[in-house]
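Next up: some structures, all given as structure tokens.
Next come two complexes, and both contain chain A; in the first it sits with chain B, in the second with chain C.
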Partner chain A sequence: MKNIWIICRKELKSYFASPIAYGLMAFFAAISGYFFYVAVAIFVRRGMESQMMGRGMPMDMGEWIVRPLLMNISVIGLFLIPMITMRLFAEEKRTGTIELLATSPVRDIDIILGKWLAAMLLYLAILGTSALNFSFLFMYGKPDWRPLLVGYLGLILQGGCLLAIGTFLSTTTRNQIIAGTATFAVCLLLWVLDWVSSYETAAWAQVLSYLSVVTHFETFAKGVLEIKDIVFYLSMIFFGLFLTARSMESLRWRA
Partner chain B sequence: MKTDWIKTRQTRYTAYATVYIAIILAVLGVVNFLAKRHTKSWDSTANKRFSLSDQTGKVVKNLKQDVRIRYFDRTSEFQRAKDLLDRYDNLSTRLSVEYIDPDKKPQVAKAENVRTYGTIFVQAGAKKEEAKSLTEEELTGALVRALKSGERTVCVVSGSGEHSLDDTQRTGYSAVKEALEKNNYKTRTISLLGKSDETAKPGTVKLGEAPAAQPAKVKLGEAPAPGAAAGIAVPKDCTILLVGGPRYDYMEPAVKAIQSFVEGGGRALLMLDPPLKLGREETGDNAALVKVLESWGVTLNKNLWSTPAASGSFSD
Partner chain C sequence: MIKVEGMTKRYGRNVAVDNISFGVQKGQIVGFLGPNGAGKTTTMRVLTCFLPPTAGTAEVAGYDVLAAPMEVKRRIGYLPETPPLYPEMEVVEYLVFVGRLKGIGKGDLARRVDEVIERTAIGDVRTKLLGRLSKGYRQRVGLAQAIIHNPDVLILDEPTAGLDPKQIIETRQLIRKLAGDHTIILSTHILPEVEQTCEQVVIISKGKLVATDSVQNLTNRLRGSEAVAVTVDTPGGEPATDQIRQKLEQVPGVSRVVFKEARDTRQSFEVESLQGRTVRADLARAVVESGWNLVELHAVAFSLEDIFLQLTSTDATEGGKQ
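Here is the complex of A and B:
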């Protein structure tokens, strides 16, 4: 347990010592801030229009701001996560410190969990910058806070899932760019697998669509906690880390 | 023979790793499948926007047969429908939902006789009901109707100048008959006139006669019970009684029959044309029937005028 934490701290230090963490947080804050502004502007304009027309439209902040905003933030995550995970193992393989790590008296699983946890904590820090936006909603209104929390839980779980996959892909190569590109491609694929359900309802299409992270995030964005979605994300995290473990193991017997 | 590679350590370990991964993948697949079938959800919104009501839950959980809901609409509207229909889907494994785009699958749409976008069909076994709109009330209502066994009959009273179901002219009710049958109701014409004649022609000037002279039972369509009460009554297999604009007044026996039917739990739709005395076609006041209505607390106002104008507003 202690080992995990040591490795995690080491990784975090290297993230925050370099411009990576700050750059990612800055860009994410800027983009999510822009999305937030646009969502609120549309909301306000809608409110004024409905007032002028005399029709009372249900002005539900959750429905019109929180939900689309959470969906947008999860898409930004798609681009963010490859940046976070690409250097986790690829850098070590390039600089040769992987041999040092693999032969040290630390279990493989500790290394993997430590690195994944560091990536998760960085992702949480980045998500935290978007929380500032939502606090504006609370200052000037009374939005429902529970669906917001559920939405963030969804973001965290989805991030964990994609980060685990990114960690695995990072172990496959020594070139960070390839690792990053591969992670991005896989994340994008998982994202668009949902599209197949829009034109095909056969069993295989349902399976494919179930694999998509979008299908499961949508319920979180609505504010509904479903067991099947939590199970999906947890099993994907487990699978991603499991594959990483196999990959690390293969380091030892590959030529 | 260069088969040494099969025996090397690398091949062995690769094989181990592949099998291990495959097994774990299968286990995860089963776990997720079970989770999807038996999922529980918790709606954290304050007004429970995304949950279904308890009644719906009760109806769906007690399903004894498989029910299929089919939603026909453009693909872009699927997301909105999924918000509601997925809740139904998750309640029971016996309920399945299909989303069909009539543009992409025209044969299916044609087979189900789909005319507009946004049609919803609930099918339980052989019965198919349509939900008029994408709301929980409509869907659960259609579900309940589709599950109800037994037929529902609309008994249309005739013999006093009512609009006839077979009349295809402007004042006829042939369109009503069509609409009823499309919604799985059977229609039947009955007479409350004390005659056992089932097909009393409209416009006959037979006003209700005191049935005392006639011991004939008027329970139409049923085997005559020897000791049946001699009197006019609405047949018991009528689910709904339809009085469609009688021109002549109902006599006491007929009105009493209607009253006892409704007070005994039956349902009636009473439509009374305004008592215009326009020379050629006189419509009676039907005072006896109006009095029974008042005894139930319903006042018949003769002054509502509704026009199918674009604004859809009523004016007196």
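Here is the complex of A and C:
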């Protein structure tokens, strides 16, 4: 436990010692701010239109702002995650510092969990910048906070699972660019897998759709907490970290 | 302290280290000698638990590298060929990180860091970024990192590679100073380094163990005998080289006389004696009694270089014959 924290702290430091962390946070804050602005603008326009037409029906902020925004953030996450994970192991392999870690009295799993945790904390920090947008909703209105919380839980789980996959891919090469590109390709694949279900209803299409990380996020975005989605994400996290551990072990036998 | 028995390491079909056995006593400095690609780094990586051996066993301080890697890792300080430094860290920050990683308690950490900084003389770069350090300082920080947890065994992979002559001398002195408290294995392909720093040599070539002995024994064993450089001055330019050689060969105990060079009226020879015979006095008498001038006479120590070349090349030719 102590070793995990030692590794994690070192990783966080190197994230924040370079412009990566700040760059990603700024980039994400700008994009999510833009989406928020668009969603609010549409909401306001629709609201005025419906009033002019004499329909006094109150509009739901959750449906018009929170849900689309959460879906957008989840997709932006697919682009951010490769940039967070690509350096984790690839850089250590390139500079040879992996030898220091591997010959120190710490278990492989401590190293892996420490690195994944650091990536997770950076991801949370990045995600945190989007919370600013939602705070405006609370200042000027009364949105329901529970679906929002569920939505963020979903984002965290989805992020954790993609970060675990990215961590694994980072152990397979000493080239950061390759690690990042491969992670991006896998993220993209896991996203578009569910598109087949829109025209195909056969069993294989359902399986593919089930594997898509975005499918599982949709229920979270609606503010619905479903056990099967949580289980899906948790098992994907476990699977990713398990592959990382195997990959590190095979490193020793091959390298 | 270290015991390696029948250790073999294969990468796929490549045999990097082939059935090596050797032992190291506590407190010794052992030089690991061999040409590039001989298997030095691989052997060290097995000893540090970075790589598992394909066959055979390796023990450090009584713990097997496969069965109890954690115990071995706790007792080993390792400086790989390129020091494992994080360029974005400051020197002190890095040493604190490594100290924590090696399991040094909170109370001792600051003291240990100060101690190794002093020992490796890196005090003037304490707050510099590792990425900005010169090669010499990087190497020393690497060494500081290896000794921070006061390990029983120090494993240094080419600790002087790429340093300038002054830094090389400083690093060697530092290593010798460390020898008292630690058992040290250092690898190198520079022969004088072994002669100057090590007590014991392990020579490997193409993954095979060629010789293991103390530096002194190895020098003695290989030639077994004394070699003497003789320079004779014959004023009239007479007699000819062959005559002098014959005269020298007649001295009892001499096994071989090799003509080296002639400069003006001086002629130099190298004389080898039979095992266990000292021939210097007889040589001097023989020269003087013949009416020549004895200009120079001194014993030649065989350099490890000769031995090394002899060992690795004879090994190759013998292998070919078999």
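Going forward, the second predicted complex is superposed on the first by the 251 of 255 C-alpha atoms of A that agree within 3 Å, B and C clash if a C-alpha of one lies under 4 Å from a C-alpha of the other, contacts with A are read in each partner's own complex, and residues count from 1 in each chain.
In this section, contacts are C-beta pairs under 8 Å (C-beta built on N, C-alpha and C of every residue); 3 or more make two chains touch, one makes a residue touch a chain.
Everything quoted here is computed from the prediction, not taken from an experiment.
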| item | value |
| --- | --- |
| Which of chain B and chain C A:Trp253 touches, first, second, both or neither | both |
| Of chain C and chain B, partner touching more chain A residues | B |
| Partner chain in contact with A:Gln51 - chain B first, chain C second, else both or neither | neither |
| Which superposed partner A:Thr219 touches (first chain B, second chain C, both, neither) | first |
| First (chain B), second (chain C), both or neither touched by A:Thr97 | second |
| First (chain B), second (chain C), both or neither touched by A:Arg146 | first |
| First (chain B), second (chain C), both or neither touched by A:Val231 | first |
| Residues of chain A that lie at the interface with chain B and also at the interface with chain C | 253-255 |
| Complex interface listing, chain C residues touching chain A | 11, 45, 48-52, 70, 73-74, 76, 78, 80-82, 84-89, 93, 97-98, 100-103, 145 |
| Chain C-touching residues of chain A, taken from the complex the two chains share | 3, 6-7, 10, 13-14, 17-18, 95-107, 252-255 |
| Partner chain B, residues of chain A touching it in the complex | 62-63, 144, 146-147, 149-150, 198-199, 201, 210, 219, 222-228, 231-232, 235, 238-239, 242-243, 246, 249-250, 253-255 |
| Footprint of chain A on chain B - complex, ascending | 9-10, 13-14, 17, 20-21, 24-25, 28, 31-32, 35-36, 38-46, 49-50, 75, 78, 83, 90, 98-101, 104 |
